[in-house]
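In structure tokens below, several structures.
Here chain A shows up in two complexes: once beside chain B, once beside chain C.
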Partner chain A sequence: MMNMKIRQLSLSALRNALLSLYALFALFPIFWMILITFKSDAEMYTTTFQFHPTLYNYKEVLLRTDYFKAFLDNIIVSSGAVLVSILVGVPAAYALARYKFKGKEDLAFTILSFRFAPEILVILPLFMIYQALGIYDTYFGLIWVYQLITMPLLIWVVRGYFEDINVEIEQAAQLDGYPWYTVFLKILLPLIKPGLVAAGLLAFIFAWNSFTFPLLLSGFRIETVTVASLKYIASDTVHYGQMAVAATVAALPEVILALLIQRHLVRGLSFGAVKG
Partner chain B sequence: MSHKFGMLFFIGAALLLYSCGSGNKQSHNRSGGDKSLRQAQEVAGTGGFRWDMASGSAIKVLLNQHPYSEAIIKKIPDFEKVTGIRVEYAITPEENYFDKVTTSLNSRTGDPDIFMTGAYQIWEYAGADFIQNLDPFIQDSNLLSPDYDIEDIYPGVLGTLRWDLVPGHMTGRGPLWALPLGFELYSLAYNKKVFEKFGLTPPKTMEELIRVCEKLREFDGKGTYPIALRGSRNWGTIHPGFMSTFANYGARDFAVEDNRLVSKVNSPESVKMTEDWVRLIKTGGAPAWSGYTWYQAGADLGAGKAAMLFDADINGYFQTGKGASKEAENIAWTVMPLPEGQDEINSNLWTWAIAMNKASRNKLAAWLFLQYFTGAEYSLWSALEMNAVDPARKSVWNNPEFQAKMADREGYYETFQATIDGTRILFTPQPHFFETTTEWAATLQSIVAGKYTSVQEALDILKRKMDEAVEDVVIE
Partner chain C sequence: MQNDLASSAIDYGKKPFWVQARPYLIMAPALLITVGILYPFVTAIYYSLTNYSFRTTTFRFVGLKNWIQMFSEPEFWHAILVTGKYAVASTGTEMLLGLGIALLLSRESKFTRILRVLLIFPLMIAPVIATIIWQLMINNSVGILEKFLNLFGVYDFPWASSAKTALLTATMIDVWVYAPFVVLLILAGLQSLPKSPFDAARIDGGSAWFTFRTLTLPMLKPFIYIALIFRLMASLQEFAIIFALTKGGPGNTLMNLSITGYTTGFAYLKFGESLPYVLVLWLIIFLISRKLVSRWLLVQQTATGN
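After this line comes the complex of A and B, so read on.
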């Protein structure tokens, strides 16, 4: 009995030690990135932990450049893109999951095909269309083009969730006299919430990290952090400290968002909703 | 499913072709061409030059992230005040800058009006009719400020921006496509503290350089090495010290034979030069040489990892100045090492210049911008206050304040003066420049990695590849 306990304890200690080691391994790049935000250019290449900490990089990035504006621009276009995708994509996903109509699979495949071509391949016609329509370098233009990134992802993930929900739940609610929109909002949406949140978060991350579209379809008035953070690679030298500040700040919304909505990322809410 | 794929591919390709086709049509309808130039001349009138002659107009400027751009941005308010022209600008990091420029110019929408360019890009852009010829502006006394002394710009630098659009013809002749903001030439930067410690003097010949490298292996412990050189699989590896040394050995990249370009990279001079260069890399180069770009090479000199840097003079310069790098105070310059018996220095050059979009609809305003930001007054200010080196104007180099600023960098000024007369573009202009030089860099990597039995064999193969790349170029 005693031996068993010792064995269990040592196993658990070993597991914890290995997990701690992995945590160290996984977190070290982030730790290193934050560390170099406090290093001056002159001490950038020292690999020891001894250096003279400075806030110069933070001042330079956050106060002396337009990085904060780029950060706000990125929030506006990424959130806007996800919002539009949710407003349009959720009903579309529902229709693709529930209704039978001609060309349904073709339509679903077409939506998916938006992601097939590399962005750089389609950018020239897009650039010209945007110039002609007067939406080049506008929030609207970027939110629109981001639909190529966010919409297919959202529709395909959420469609799967709608398909998982038993149609009898809807029928039961309709029998109780609820109109279709109440059924959709009060019954279906809560059931697909985990999927919607996961797809929304992923869509936000993809939109947030998008580079080619904001690089080529904006720049004079609107700029995103992906483009702005590369500016610290100047032709004279790479300002690694400033780049690290930019990268740390750019990663914050994703980390915060992921932590905030973690509790919604629980699958299986719809299990057992209908008796067999 | 495959049928569906085929259909989608077909539709996609058709749409793409249509878009490109309509783009070309648009170019004829919309491009400024001579009409917009005539309009600019009409607006300017015949009453002489005035800075405010395009007051009320607006222009867009596309800039690469660079100290030159930082200087421009700082002076834009002054320019707007003097001219009454509103300026919008966008800065793009160099890695993606030319993707953006090419897309924008290719659309022929006239946006942006002004963009930064290098000389090599002109060989592509001017041939595609993307860039405005600046000669009509320069030659019109109503459009050119009386203070704009074009003779003040080093002829070697200005010449790189002139080209007659004929592949195989060297730069220096034909229309002027851009005006220089600044440039770089190639020299040897070294850490004088390390040289003093080892009792060494700066090498004058390639053989001396290799001998110095032998003495400086791990000069300050593990991880330190004698000489930083670029080595990545990229045209950037060929154009600095490599191309300059290539020319100093008497080698040429191409020759024109029977109205065609023929590669000469397997000539005896080229083989000898390449053998010496490979020996230099193996004796003194960084262990990770094949991944080295401008950044790693310059940073290693500044961080004290490399004792020498054979690259752009300004690459070493940016490692100097207060707090710029660990070795900021110890960096000095000397002229590039030459082959035995050679005393004439040939240096390749790179220039960042500003050019006008051929499709611009605000050519007068754009021209005023070009003039202002390449003028003598601005060049002096940007060199003194904003690190915009090397200035392309002689008057700046002759300015006592500028000379005093340079005096802190041992040997910089003297090296520049000794090299400038032999500085020009050493490549033969042709539209496949980036393809052929990247192939060249790849071959150099393979030779260093020992993939060929001899340098001659490698260069024979490279010659065939280069000939194939320029096969479609016919010189009329």
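After this line comes the complex of A and C, so read on.
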């Protein structure tokens, strides 16, 4: 009896130790990055944890460079992309959830396959087309290409939320003589709202994190934080504190957004395949 | 899991044309927007048969020249190898680590509840930004890992700057970002498992390993497959982490198909020659994903007994 108790205790100690080790691996780099943002260049090499905290790095990055403009550009492009995806994607998700029609599943899988198309393959020809159309390095061009990131996510996740709604609710409303668009706008949309908001925020995070598209289809007039932060690695005289500020400012919004949509995260991340 | 759609769909079968066409009309804008972007895919095949270059304005049809040249290029086979190594190393580690951590996290305690939230953080950070964060960790002058390794008598560990350790470093960053993805999916799977078979196994006195092998694992399979599909498809075409870490270097150590396609097209400006690389990448991803998705549908049927 005593032996069993000891065995159980040591087992749970081992479990917690392993989890702590993983937690250290997952979280320490973030802590280290934030710590470095408050270090001056002079103390960067000489001290580890004890130093005189300063806001100098934040001032340099946010006021002296166009990093803040990149931050705003990122907000414009990402939220623009999500809005377009919601406007055209939600009706499409509804059609996929509620109508029977020829080629439905093929259409749904075609939309999903956009997500898995290698980004470089899309970009190479698109680079030429964008130059020819004059939409290279424009908000319009980026918002358009971001649809490959945001649209499949939104359509697949929102489709699942529509399917969760009992079809009898709709049929009852239709029997009462409401046209389909009233049923859609006044009855269905409010029901899926929490899921829709979560999917929209996750799509925003994905768009925010996008790197290959803004790197190769913009960069002069419009720059996103993912692209702008790279400059801090490139030069030989690296200011690590400023590099850390750039990374922190780029990472913070999405970490906060992710906390808001925790409950819907698994469902969104798996495009509706896993209803967590 | 996906519901049975047919039972919940409204049947508009015998209706006038405009009612039958309604689903297509509703979907048209979404399709137009995305197909407009996908049109380049078709042109990609055409331009891979030309000598188009960003340096000159004229180009001509050269047949299969680019393709034949690529297949005779050792760089191409090297890129295939790197693509495979990177995908297997990172996806493999993420699956094993993710399964392990998910099993550890499936027990209820204050610690696991907090950790389940905190572990989302790395996953939400852009891979490029994650690479910058790790540069701050591995850098030999300001990085704390150097000081940590010093304790064990290891000095100036080369990390991304040596051909021997570059893949390890890139994999470590990939695992840091994406292992939580696998954890979250498998954890959702674990929490959805029915209780009764496990109670029965405990009463029958089955060992923990026996229960895991014969009950947990088979029922988790659909979740494992979903995680595997998403991770494999993405790691086969990983661009951001490698680009931000070394741009494919040192030398050509980390030049996978994505990076090679990018370098040929945008750095050497040989557009026509770059396309076969990314088209091959697309083909690989397409074939593997089709195979895995059909496997997933199969294990899902087996696991749920439908």
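Simple rule for what comes next: the second predicted complex is superposed on the first by the 215 of 276 C-alpha atoms of A that agree within 3 Å, B and C clash if a C-alpha of one lies under 4 Å from a C-alpha of the other, contacts with A are read in each partner's own complex, and residues count from 1 in each chain.
Following the convention adopted for this analysis, a contact is a pair of C-beta atoms (placed from the backbone, for glycine too) under 8 Å apart; a residue touches a chain by one contact, two chains touch by 3 or more.
Note that the structure is a prediction, hence the values are computed from the model and not measured.
Contacts of A:Gln262 after superposition: chain C is touched, whereas chain B is not reached.
When the two complexes are overlaid on their common chain A, residue A:Leu124 makes contact with chain B and with chain C alike. Once the two complexes are laid over each other on the shared chain, residue contacts for A:Leu188 go to neither chain B nor chain C. In the superposition on chain A, the chain among chain B and chain C reaching more residues of chain A is C. Contact with chain B, but none with chain C, is seen for A:Ala42 once the two complexes are overlaid on the shared chain. Residue contacts after overlaying the shared chain place A:Ile233 against chain B and chain C alike. Within the superposed three-chain model, A:Asn16 lies in touch with chain C and out of touch with chain B [touch as defined at top]. Contacts of A:Val167 after superposition on the shared chain: chain C is touched, whereas chain B is not. In the superposition on chain A, contact is made by A:Arg221 with chain B only, not with chain C. In the superposition on chain A, A:Pro91 makes contact with chain C only, not with chain B. Put simply, chain A uses residues 44-45, 113, 116-117, 120-122, 124-125, 128-129, 215-216, 230, 233 to touch chain B in one complex and chain C in the other. Across the interface of their complex, chain A is touched by residues 1-3, 5-6, 8-13, 20, 22-24, 26-27, 29-31, 33-34, 36-41, 43-44, 47, 97, 100-101, 104-105, 107, 111-112, 115, 117-129, 132-137, 139, 141-142, 144, 147, 176, 179-181, 184-185, 187-189, 191, 223, 226, 230, 233, 237, 239-240, 243-244, 257-258, 261-262, 265-266, 271, 274-275, 278-279, 281-282, 285-286, 289 of chain C. Within the complex formed with chain B, the residues of chain A that make contact are 40-45, 106, 109-110, 113, 116-117, 120-125, 127-129, 131, 136, 215-216, 219-221, 223, 227, 230-231, 233-238. Remark: chain A residues 15-16, 18-19, 22-23, 25-27, 29-30, 32-33, 36, 44-45, 48, 84, 87-89, 91-92, 94-101, 104, 107, 111, 113-114, 116-122, 124-126, 128-129, 144-145, 147-148, 151-152, 155, 160, 163-164, 167, 170-171, 180, 205, 208-212, 215-216, 225-226, 229-230, 232-233, 240, 243-244, 246-247, 250-251, 254-255, 257-259, 262, 265-266, 269-270, 272-276 touch chain C in the complex.
By the touch rule above, chain B contacts chain A in their complex via residues 4, 8, 12, 15-16, 19-20, 22-23, 26, 60, 62, 64-67, 88-96, 99-100, 103-104, 106-107, 109, 111, 294-295, 298-299, 302-303, 305, 314, 318-319, 323-326, 328, 352, 387.
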